[in-house]
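First up is the structure itself, then whatever we jot down about it.
Order of writing sets the labels: A, B and C. Residues in every chain begin at 1.
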Amino acid sequence: MATPLGKPSDKAVRPESPGPVRVAVKCGVCVVALLGFVVPATTFLARLASIRILPATQSVEELIRGSIMQRLKNIGGRIGHFGIVAAFAAFCAFPFYWMLITTFKQTNDLINVKNNPFLYNSPPTLENLRTLFIDTQYAQWLLNTLGVGVLVVLITLLLAVPAGYSLARLTGRWGQQLAIGIFLTYLIPPTILFIPFSRIISDLGLQDSLWSLVLVYPSFTVPFCTWLMMGFFKTVPRDIEEAAMIDGLTRFGAFLKVVVPISSAGILTVIIFTLTLVMQEFVYALTFITSSSQLTVSIGVPTFLVRGDVYFWGSLMGACLIVSIPIAILYNFFVDRFVAGFTVGAVK
Amino acid sequence: MATVETRSITKSFDGINAVDGINLLVKEGEFLVLLGPSGSGKSTLLRMIAGLEIPSAGEILIGDKVVTLLPPKSRNIAMVFQSYALYPHLTVYKNIAFPLEAQGMQSKVVKSKVEQAAAMFGIGRLLARKPRQLSGGERQRVALARAVVREPVVFLLDEPLSNLDAKLRTTARDELQQFQRRLGTTTIYVTHDQIEAMGLGDRIAVLNQGKLHQLGTPHEVYDDPADIFVATFIGSPPMNLVEEPPCTIGFRPEQFLPIECYGSRGDLVRFAFLVTRVEYLGADRLVYGTLTAHPEVKVISKLPTAVTVTVEKGERHEFAVPRKDLKRFDPGSGLKVSAK
Amino acid sequence: MATLQARSHLLKEEQSLGRWMLAPAVIYIAALVGFPFLLAIYYSLSDATVGSQVLHFVGFKNYQRIFENSTFWTSLRNALVFTLVSQLLVVILGKVLAMALYKDFRGKWVVRFLILLPWVAPISLGSIGWLWIFDPVYSVINWAGRASGVFGDNFWPIWLGQPDLAMASVIMVDVWRLLPLATVIILAGLSSIPQDIHDAAQVDGAGFWRHLTHINIPLVMPIMLVALLFGIVFTFTDMIVIYVLTRGGPYDTTQVIASYAYFTGIQGGDLAEGAAISLFLFPVLVAVAIFLLTLARRTEVT
């Protein structure tokens, strides 16, 4: 088992399997500790909601009106709110911040236990990034991932867009049932399917080839994207299609020439979502592919950037960051639609 | 039961005054209507009285107590929203009981009060249902019952009839007024419908763009409008306005009749009228046309069926208005000018 | 008469068009999800290995072997603990954060960007970031704790090496990566409550606690259950976080069903046993899905 610098397994003592009571007690303690944060925070936020402390758009004059008590409450409320939001944002973003710092640190700086890791004790360097791109196949992995991504997007669009339209417009009652059925395929996750797939892929001769991924990935992108597109198509007014059909187009023609262009935002969402799913996928890639030149980023980085027992942390962090940030930026534009896709079924 | 007073109450959003320095005194037990078009600030004013918005300036007093910055629950008021705002996940019983339970009342007391309130509106048999199982009219009654059960000193109603079918609206209006008379609670009612306002209000406050234009009884507001806005907002079809320097004169369509109707009265102002269109509406006839003296101005006359004078399209006919019914307004400010 | 015929003809045409447009997707899903699933069941009842050319039916022998294997039970228990604890945390913290994000404030889009990062980054890469944060020698948490004096001189937690700590660390990473999704979903639910209801509750005199428990939470409950359902599915079936951080160690204290199935089936080569192990994911998922969806339907409000 590959271990990072210093061997943790030496320090671990083989325990007897802890009884369920002990496990429960430990969980309970942790939960209570966390509630010590959650309960005050929730109470505080609920108070914010019900007392009319208005948001940041409230003018300064209104903020300082009233008695001293009112003023204190208002300003205290604002500070507390900021505190809670900042705490969460810090928790979520810290690992990336840490990745950012580590990427540019010189290795001797990293290894020196005496150094303050938050400072650049030696000047920042691009050496790690250079190593990443020149000494590893990272660039190849990026290309692989992108290539697979593009192809999977195409397949997904070809399958999910017409299917979504059909479920939205053309299939009535049984279509609704089928739609739910399609969504429920998510209950059969890759971690069940990867075992039979490993045989199927090797029997098809696609072992160790990126094409295996292109074949298999749509199995989890198509269901959700069909659902997304169905929801999206339902919001297109029927009048527009009917006008097109009166103007001489067939139903399919109206679909191609009118509905699809109008739904470009939904299609874009599907594209982005599919791309992110491809970039994130791990289990199938781990199972099907072994040679280093055929890896995707998601697999290559954890398995190949480790040489024996030594991790090249600087390059490793850089590798993680380079992929994460662009996806994050892209994703932000489409979150709302994505969430609508998630919730459209349950909240009716 | 209490008075409600606002002193120079103002609310601005992004530099625009939604409510602009309004002074209002609602008498005890009065049914006051805040009337105005959308954007006039009437709902904002109501929400400030309720405590759901903080005024930018000015004071609000309920029963001589300054409540400007107090939260709604400290004001002893009840509110009925346009959408009724019933709690969708609670039964009708729980909805009505909610304010009482929030006060920590004992459940036995709560039960009797809820049943009383439900009986007042005839919804006793609906107590176990949820809002989504009720019709619009039933939901409205639940909202009213919830408001009544707290025995507040002021009722605030925000267009509670606008979500009802037109047919239901007249009966609902009637019931609403009866119930308010019975309870005698001070009531402030917001609407954009002038017929509702005229029918329900003891006094009407006419608002536009955040300012109070006139506060008066339906009679005063109709027969003696304070300015051009009030004159044209109230009355359907609206008052005819004609520029006759140095004033703008106004006369209501139902007072603008063929000269024959007025017989031999001496105090008439005559107009030469060219008829362009006649609409037969059953109970009335609407005659559209222009005055010869002012051919660019369109005026309307409203003839009840009792008036049998024939009026034809294309005809030139002499119409008249009694002098005392002719209003004068200053063209610059729009305010009324007293007759000399 | 003619129009009736024409209309039913058109209807049939549309229906057939509907089927044609739907067919490719359905066939693909059936072939790539349904078929392998059945194959997995078949494998679990056979003696398949990675290299074997012929398969023999062996009945429930694999299952018997698993039931006698204590590692399997450990994995099952770990998987349940892992899922329940992390999802409980995710839902509660997600609710708190959603409430904090409910009101508009300046710079909200920055906060939203930061908060979405854990969900958006590829799971394996985000986990590697935490691997570095949890490093036994260089952990920044330990450094900060030691430097600020919070950690005593003898207190140097090996986050991924000590049995209970390892589970806690893995749970923390899972919470970290699923919190954004839950928050965004719950926020959508919160925003769908009409402002009128909040106003009415204020006028009715509900204090902040009553408002929260009687109005806020009941109305958001269906959506919270959806977020919980997704979280449970993602967590219970996940092997990535564990593979990257601990490989199931130390000594199987963080081994879960999915990772155990991988190590047995692919690394170990015993496809049949791996398949049998992985199939234990399915009934739990189905049960959870049915339970939560029924609950959600029952608390449906509009």
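In this text, contacts are C-beta pairs under 8 Å (C-beta built on N, C-alpha and C of every residue); 3 or more make two chains touch, one makes a residue touch a chain.
Model, not experiment: these values are computed from the prediction.
Sorting all chain pairs by how many C-beta pairs they have in contact places A-C at the top.
Set against the C-alpha centre of chain A, every other chain centre is closer than that of B. Once the centre of each chain is set as its mean CA position, chain A and chain C turn out to be 12 Å apart. For the pair chain B and chain C, the distance between mean C-alpha positions equals 55 Å.
Remark: chain A and chain B have CA centroids separated by 54 Å (rounded to whole angstrom). Within chain B, residues 51-52, 71 each touch two or more of the remaining chains.
Touching two or more other chains at once are residues 51-52 of chain A.
The residues of chain C that reach two or more other chains are 201-202, 206-207, 302, listed in rising order. Listing the residues of chain A that touch chain C in their complex gives 1-2, 4-9, 11-12, 14-15, 17-18, 20, 23, 26-27, 30-31, 34, 38, 41-43, 45-52, 55-57, 81, 84-85, 88-89, 91-93, 95-96, 98-99, 102, 110-111, 113, 116-118, 158-160, 162-163, 165-167, 169-171, 175, 178, 182, 184-200, 215-216, 218-219, 222-223, 226, 251-252, 276, 279-280, 282-283, 286-287, 297-299, 301-302, 311, 313, 316-317, 319-320, 323-324, 327-329, 331-332, 335, 339-340, 342-343, 346-348. Against chain C, the residues of chain B that register as touching in their complex are 47, 50-52, 71-73, 77-79, 81-83, 85-89, 98-99, 102-103, 132, 146, 150. By the touch rule above, chain C contacts chain B in their complex via residues 194, 196-197, 199-207, 210, 214-215, 218-219, 299, 301-302.
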